[in-house]
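Consider the two complexes below, in which chain A is the common component and chain B and chain C are the respective partners.
Let's look at the complex of A and B:
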C-alpha cells in the first residue's frame, strides 16, 4: 500500500533504507516513491508558479517533477559507481530504490511546504522573497532526503566519502538541470510574456556561481551619490 | 517451487512402512542469496591470472571510454571518438608505463611483492576509476551539452578525472598494505617511499596524457 510506504518513509527511514538495500519490497517502494516525487514536485512547482500566475502555474508544475526525476535518473549511475568503489557491492536495483526513497522524502517535505508557500504568495510576497523561500524549502527537503541516504549507507567504512561525493554530484546535476529548465517563478518583469523556457544566455550554474563568488570577493562600487 | 527443488526433493517409496521411516529431517535454513553486482565482480580480490588482470584492465578502459564519449558530446562527430580514445589513455599509460617501473623499483628493494600482485592492484585501481567515471558520465554529459561557457566543461571534466585518480590511488595503496606489513623494518620505509613516488608520478603522467589527448577540456570554445 503506497500510503503505508510513504508513512514509513517519513517515520522510519532507516527501516525503509535497509529494506531497499536487501531488496525486500524494493519495487513497491520505488512505485510509491515515483508517485510521491511527481505529485510533490508538481504541487510545489504549481504553487511557486502561482506568483506569476497564468500559464506559469502549469509550466512550473510540469517542469519541477521533470527536474526531480531527471536528476535522480542522471545521478543513479553515479551513486551506484560511488557505492561500488567504496566497498558497497549492491545491485543497481537496490541503489535505485534507495535513491527513489530519498527523492520521495524530499518531495513529501515539498508537499508539506506548498500550502505555506501559497499563503505567503497570496499575501503578496515579493519575487526575491519567494526565490529565497523556495531555495530554503529545497534545502530543508534535501536534508530530509540526505538523512535517509546516510542511514541507507550503513555503518561501514567510507560513508562520509560516499555522502560527500554524492551530494556534490547530486547538487551540481540537479542545479544544472534546474537551470536549464528555468524559469519556475516567472520573470519579475511583468511586461514580459510567460514563457516555458528562458531565451536569455546567462552561462551555466557553475559559471553563475563563479560570477557570484567574484562579486562577493570584489564587490562592484556602489552607484550614485553616497 | 522450481524444477531444481522438485528434483532435489526425495519422496519415500509408496510401499514403505510409514513407522519405519526415519523422522523427516528439518528443512535446511533459508539463506538469502547474496546479490552481487557486475561492478563488485569486476573488483573481486580473489586469486587471478595475468589474463584475468588484462581483461579487468580492458574493461576499466572501456568504462573510461564511456566518460570520454560524454566529453565529446559538446562538439559531436569525430570528438566523440577522440574522447573515447583519449580518456582511457591516461589509465592505460599508468598501467603500461608507471606500474612496471614501480615493479622494478620494488624488486630492487627486495620487497616481497609478486608481479601479479602488482598487476592486480593496478587493474583494480583502474577498474575503480573506470566504474566511477562511467557512473558520472551521464551527469558530465548534461553539463557538457547544456553549459554555454567552456570553463565549466574543463572544471567538470578534470574534476571527475582527478576524483577518479584519487580513488584509484587510494585503492592501489590499500591493496599494497599487506605487502608493506610483510616487509622488514628497514625496507619498509623504502617501499613506502617508492609507492608514494609512484603515486605522484602516476598522477602527473595521467594528467599530462589527458591534457594532450582530450583537447575538448582545454580548448576554450
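Let's look at the complex of A and C:
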C-alpha cells in the first residue's frame, strides 16, 4: 500500500480527486484505497467490538470492512449512472476511483478516531453511549469523504444534485447492509453468548438511533444490540 | 431471489471477470492477486484489472484543456491586437488559420489515442511478447518481426506524446502572446516581443504541419 497516496488523500484531496478524474494513477489510488478501507474499518470494528470483548472483537473487525466495501461495490454503478446523467461522461475507472478515494478518506478518519473510542470503552462507556459515539464518528468520517467527493466532481453544473442523490443512495444502502450484518458492539445482555449475526427484529436503524439517544438522556435497560 | 442465490450469482460474475484478468496477459503473482481481488470485489476492481493502464495513455488535449486554452488565448489575443499596430500581424483570419491547424492536430491525437486502445496496439503486450520470444530462444526471424512490431508501436506512442506536448506548449505560447499584446495595448509599449512570439507560433505550427502531411508544403507564414 502506498503511504504516499494515503498522505495525499488527507493533505491534498483536491489533487487526488483531479488525478482520479483524469485517470492519472487511478489504479494505484484504487488499490491503496481498497486496502485502507479494509484496514481502517477492521480496526475500528475491532475497537467497537471490544466493548463486549471475546469473539465480538473478531466478528466486528470482519464485518465492518464487509459493510464498507460492500456498500461501495453496490453503489458504484449507481454513482456512475448518476454522474453520466448529470453531464459527467467520465470512464467507469475515473468514477470508481473517486468513490474509492472518498471511502479511503472515511476509513482514515475511522482509524484516527479508533484510539479515542478505545479509551472511552476502557473507561467504561455505556452501551448506548458507544452506539451513539460510533454513529457520530461515522458521520464525521462521512463529512471528510464528502469533501473529496465534491472536489472530485468538479465545478460544472449538477454537482449538488449528484452529491445529494449519491449520499441518499449510499446512506440507504450502507445503513441497510450494516443493519443486516449487525451486531458490531455486541449483545448488551452479557449473559447471552457472542453471536456473529442477530436474529432479533427491532425496526429500522434510524429508529434505533433515536432510542439510543433517548437512553443517554434517560438511562434504562437497552432494548437490543446494534 | 434469496441472499444465498444473490451471493452465488455475484461470485459467478466475479469468477468470470477473474478469468478475463488471468487471460489478459502473462500470469505472475500480481496478476493472480488482481484476479483474486476481482472475484471478491469485481464491481470495484474489475474496471482497473481489465482496463488499459491509464499511465500508458497520453492525455487527451481536449481533456487537459489545451485546445480550450488555445481557443481562449487566440480570441483574447485578437481582441487585444484590434485597433493597434499589431492588428495586421495578428488578425482574426490569422487566428482562424491557427485554430484550423490546431484542430487538425487534435483530431490526429484523437485518432492515435483510439488506435492505442485497439487490440494489437498494446505497447506493454508487444514488449512482453518480445521478451518471451527472446527468452524462449525463438527463431531469429520471429524475434525480428516482433521487434519490428514493438518498435513501430513505440514510434506511434511517441508521436502521440509529442503531439500532446506540442499542443500544451502552443497553448502556453499563445497565452504569453495574448499577455504581450494586452501589455502593448494598454501600456503603449513596444510590440516587438509580440511580433517575435507570432513568428514562433507560426514556426511551431509549421513543425506540426510538416509532421502531419508528409509531402505537403509547409504553411505560408504571414511574417
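Note that the second predicted complex is superposed on the first by the 200 of 226 C-alpha atoms of A that agree within 3 Å, B and C clash if a C-alpha of one lies under 4 Å from a C-alpha of the other, contacts with A are read in each partner's own complex, and residues count from 1 in each chain.
Keep in mind that, in the parts below, a residue touches a chain if its C-beta (ideal position, glycine included) is under 8 Å from a C-beta of that chain, and two chains touch if they have at least 3 such contacts.
A quick note: this is a predicted structure, and the numbers were derived from the prediction, not measured.
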First (chain B), second (chain C), both or neither touched by A:92: both
First, second, both or neither for A:23, with chain B first and chain C second: both
Which of chain B and chain C A:72 touches, first, second, both or neither: second
Which superposed partner A:117 touches (first chain B, second chain C, both, neither): neither
Chain B versus chain C as contact partner of A:207, first or second or both or neither: first
More chain A residues in contact - chain B or chain C: B
Which of chain B and chain C A:100 touches, first, second, both or neither: second
First (chain B), second (chain C), both or neither touched by A:177: first
Which of chain B and chain C A:165 touches, first, second, both or neither: first
Partner chain in contact with A:82 - chain B first, chain C second, else both or neither: first
Where chain A meets both chain C and chain B, residue numbers: 22-23, 73-74, 77, 91-92
Partner chain B, residues of chain A touching it in the complex: 22-23, 73-75, 77-82, 84-85, 89-92, 94, 165, 169, 172-173, 176-177, 179-180, 201-207, 210
Chain C residues within the chain A interface of the complex: 37, 41-45, 47-48, 51, 53-55, 57, 59, 63-64
Contacting residues of chain B [partner chain A, same complex]: 32, 35-37, 39-40, 43, 128, 131-139, 142-143, 146-149, 151-152, 155-156, 163, 167, 171
Touching residues on chain A, where the partner in the complex is chain C: 22-27, 30-31, 34, 69, 72-74, 76-77, 91-93, 96-97, 100
